[in-house]
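Pasting the structures in now, so scroll down.
Next come two complexes, and both contain chain A; in the first it sits with chain B, in the second with chain C.
And now, the complex of A and B:
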């Protein structure tokens, strides 16, 4: 019984009449229902990058140690010495998490892990970057709790440490939370695998889980606005099985090491459709697929469902002919399905059969991003709201009634307060290579065999991007790099996750384009190429778009493990130095939002050249062994950075006395978020060398205070017991989430 | 007020993947239960409550199932309420 393709059905599949005409042109006939489904997912925004591709191409994608360029493989790959390669990528799972937070987030972790081990790399760490609405709302607490548990359970069962990330809470994400997950793996260069099909006659395998009706049309779902209709779409939720994924990981790595895997690709969005067409297109060949061979979990599945199912924990493999039994033996050992479902063929068609009949016949290149999939140059228009909030605040700011109270209030704001409630649910130490777990500027993982370390961070302030998209994009990159520098690493490369509203809205697209420009500028300046990532559009609710939110995942290399540096103060008597300059900026700050409920006044200005000099100075100080702690200034400014440095040490808190402020007024000195600033501590005479070096490179270096005591004192404005600070900082989130007072 | 007892079953919606059920099935096969063909897991609750009459008790149980016990995104529920 064939379902008839009508204009209504075409529209329901999210295809425009023009796109439908193009499909007819490609096929030379009308598509059938299965083919319509295939085109629909492959040409969806999620798979085709049809709006973002022209802009993504403007990002710097070249670098000396880059082995896989953006978009070419399952993930980016960078060589780190002695033949070792680090593989990493970040992806969003926003829409699934909005509908079913636990499973949505869990399968997000599963998907990004598969991208890593499909490259032949063993995953060794993951991070996440999360955005939610106001925690006072029970709905937000439900989403936050579910997402964190989902990430924790999947990662903990799978056995990869979750080492860091960030969480922001802003009203704009109320109905559309952002869940971005990043994973990183390592491989020996010779064992890297590729996502391509070649060699006519080579068998095509499906391995891992059986195929059910999960997530059918998940990809088109991610490309539509969330509205009342998405409630009805609920049963398409995928359920993850981390233990199955662990088996799949070991089996895939063993098969790849065996040397007879031609190509391998994860089945994520659009399942069999996406993996077969992308691998075939990449190898410049075709594929014939027999759906009768696909192991199924449910009866009565039609070709449409089999082709589009997003059942988790599956991979597509192309194996060298003659080694079928060898590969089957490996997967049998791990108790996984391993079935030949087709063959690579010379002629460039993807031919799918069921019950002997051809149910779909499409040239694979016509489906994939960068080739046959449509690309649109979207209209741009500078948003009106910027007239209201984009203008930079100038002048002196009136002080709050009480600086102590203002600081305590900021410390307890969920965006700033300690995320211990989150990361204590994560296994951060599994595999026993975590040198720096969550709680410092960046996480650090040891590469045992190399005696080197990798520093990882994920950063992106959506509010800055809302107020000034281009500057916000720059700041996201600069802050990520600064976090790595403060941990003792040299930034290597970037993966990004770009979360925006509807790209067909010219005002939204303008913010997207400006953010990408800003990211590009900063990545060029920092010499950190973009190795890949993900774009998530249609993040909006009936109330409007979320803030433009690019998240930058950055990886840095630490050659000397003795140089790993942490953010917290170390010893009584150490001098506190401030590198960089306060420009008296308060616009876009957490202070304005928390104390005045105000989002506006532009965002801080980032001077890339100055940023680089500040970073170079900090890196030099660490390399010289002068710097005992380093912490970058971000949300909440100097006062919050000082409080964190007092409280964050696992060995116990230590006080500080700061008596020198440098801003044009007290408020911006304490809470302004001027960029390119780092506080470091040094022993006695160390400050002279840093100061001299700073003078030579044009970076302002000042001694602002001393470590010691059991209070945080800032001039005559702040005088607070550490116990009081710690109570607000460490336990505010726990109190909200666990209802304790 | 009368006393009621509600017996509630929560099951995964048809088509929703059940990893736990899958593991139980493979354990059954390992134990020699060759005839086992499928396993779906679920939860069972008994709740005692007081209410004016049976229909308001049912209404309350319905609410409890929807708001707390079941995840309506992926689970179905059914209940039987009887007077004790």
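And now, the complex of A and C:
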């Protein structure tokens, strides 16, 4: 029995009356139930980018060696030499992870991996950027544990190392955690695949898993606020099967290398609907699909369910006519479904049949982002809260009662302390390319056939963006670049994941727009174009919106593997230099939050020109072979950076004695988070040359201390045994998550 | 020397073994698809790590039915050398070629980390390049590496000197603290009665180049190469 389309049903599908009128105009009639479902997912915020698109277009998307631009393909692609291409992208899986952390996070990994191998690239690394609420809450521990297990189990089984990332804990993410996953793959240029359908008569295949009822309306779920009813959305969360994905990977790469795949696209959000309509629209053609041919795992599925299912581990392939058997043989070898479900047609309609009847007939371009899908210019209004917290703190800050205690407290806070508990659960080494696993400024992997390295990082401080969205956006990009520079790399390009609240709220949208401006400014300055990514709105619960949280994934190239640089101190007697200077900023710092429970006072100011000069100096020092370690200053400021450099070495800890501070007061010089600062260690010769170079380029370079001993001493303020520091730094998270023992 | 690396559906360290043997140690090496039954013409077969059949049901429980395992058994019977690494070790246990089972890690979590291993018996084709008591630094990466056998078998393994590697600390001391996964008696590697099938949980193929953090894994492969040379 056909379900009748009523205004209530239209509203339940998240479509506005105006959008419904447009659908009628496009079709020249009322849509049926299946068509309503198709429009609703394709026009959902998640698939259509209807609120964000005008702003995303303002980001720099042009650059040297860029092969696929943002939005054009499943992921961005950059050539790195000798015909080798890196393909990478970041995506969010926030809402699914909020209601079902294990599967939500696992399928987040699965989805982003498919985006990479749908491009013909073999995935070789992944990273993740996670945000949770307060770890004292059992709910947070449950979410954190589930998300980490989900990422671990999927990635480990799939066989791609998880090489880095970041985890923050802030109350704002209590009800709505953020789970952003980034993946990177490599391919030879000639084997890159495209997500398009062309050539009338070419068969359309569905390959991989069978289709079930899981994940129906996942994209719509991702496009609404979380509330007390969200738990009922658990059936909207897909179930992952990493083993199936591993087989799908091998089979797809084998098929692509065979040379007869016209186009290929992952079935993620909106499943068959999205892949068929996007591929057809891109190729400027149509497609006819016969749902009777779709392999199913459940009986009695109706067309609506088949079209909207988000069952994982499936791909849509368009194959050159005449090579059907060749392709089938490959999938048979890997024991995977491989069924022809339709054909490319000239006429620009997507026609879906079941039992011989047409159940949906829609022009594909009317569905897709950047073409027929709606675009809105959302209202903006500067949020009121900024009057309270956005004003920058000025003047000298009173010292804490005890600097030692303050440092230990910061070091043991979940956001700062070592994430070893997390990454010991990830296979960080499989594929034997990992030169720098998690625990330094950036991860570094090598490309075996090219003998070059890639540095990878994911960065974003939501608190800064909350306090000053534009500056926060800038800082996210600058810090990512600084992390790559400290590891010996030249930054290449960016993928971003923009996590915000409800875009229909003008105050939320104002923060979004300012963040994007900041990101754009910094990306232009760093010459790192944005190759793609993902926008996640509606990260909002009855308690309000999460902090505006853009996460920047950045990839850098290391031409000479001898120049890979780590954050930790190396040898007794080495001089510790500070590049850059303390501007006496405490606003937005981890210190204020952890010691005083205060979020406010603006955020540090980033001067892009100065930042570039600091980065250039550090990069020069590394290239000259002068720099033995480099570590960027971020959350927790100089004191935390020094502690990390003392503790992070896999060879064992080493002490430091620092006797020269800068800036207006002691508190900001230890714990302030002024930007554009890096600590490096050098020998005498390095000090002279870096100083000279710094003087010439207008970057302050000072010796602040020496490496050695078994303590961290900072002036007469901090005097702590490394054993004590290490205990707080390394084991705090373990103690919270595994219980005190 | 000619190595064969067996790829099961879900193997994910097959390429790493291939790289280690071919590119780093300059040996002849071929992939063997799990559907092949004929594994003649090789000097040593490697069952690599990974998640064969997703580790669904039980680690190695489905892979033991792969056609290639018939060939592996015959190969073992004729005295050929077989090395099972991680999931490969679990498959060999399921196939009855090595004793014991792997329980879930005591922590009930996946563990990826470097560990230290003490060579308990250097008179095997897999350790003949090591010294007795030598400490090797090689990573582990598994969910289920908690080696378990019944008491009588454990006594037998000890009596026959078939425990080859044990988890230890940097100085070679064996203790509870140096046991990453709860394995009985800190056992990381055992050998079969015939002395030609070794199962080890740590990944020697990941410790083959100094740029990756350790080269101790080479000693396992170089021992195999050396034992072949000595045999002529």
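In this text, the second predicted complex is superposed on the first by the 740 of 741 C-alpha atoms of A that agree within 3 Å, B and C clash if a C-alpha of one lies under 4 Å from a C-alpha of the other, contacts with A are read in each partner's own complex, and residues count from 1 in each chain.
The definition used in the following text is that a residue touches a chain if its C-beta (ideal position, glycine included) is under 8 Å from a C-beta of that chain, and two chains touch if they have at least 3 such contacts.
Since the structure is predicted, the reported quantities are computational estimates derived from the model, not experimental observations.
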* Asked: When the two structures are overlaid on chain A, which partner does A:397 contact: first (chain B), second (chain C), both, or neither?
  -> neither
* To do: Classify the contacts of A:430 with the two partner chains as first (chain B alone), second (chain C alone), both, or neither.
  => second
* Does chain B (first) or chain C (second) touch A:650, or do both, or does neither? -> second
* To do: Could you tell me if A:99 is touching chain B, chain C, both of them or neither one (first, second, both, neither)?
  => first
* To do: Pick one for A:500: touches chain B only (first), chain C only (second), both, or neither.
  => neither
* **Which superposed partner A:33 touches (first chain B, second chain C, both, neither)** => neither
* To do: With both structures superposed, pick whichever of chain B and chain C touches the larger number of chain A residues.
  => C
* Asked: After lining up the shared chain so the two structures overlap, which partner does A:239 touch, if you call chain B first and chain C second: first, second, both or neither?
  -> first
* To do: Figure out whether A:158 sits in contact with chain B (first) or chain C (second), or with both, or with neither.
  => second
* Structure fact -> chain A contact set shared between chain B and chain C covers 241, 243-244, 335
* Which chain B residues qualify as touching chain A in the complex? -> 13, 15-19, 22-23, 26, 71-74
* Asked: Of all residues in chain A, which touch chain C in the complex?
  -> 149, 152-153, 156-159, 241-244, 246-247, 334-335, 423-432, 434-435, 446, 448, 561, 650, 738
* **Interfacial residue positions of chain A with respect to chain B in the complex** => 99-100, 103, 212-214, 234-235, 237-241, 243-244, 297-298, 311-312, 335
* **For the chain C and chain A complex, residues of the former touching the latter** => 9-10, 12-13, 15-16, 19-20, 23, 49-51, 53-56, 107, 109-114, 139, 141, 143, 203, 205-206, 208-209, 211-213
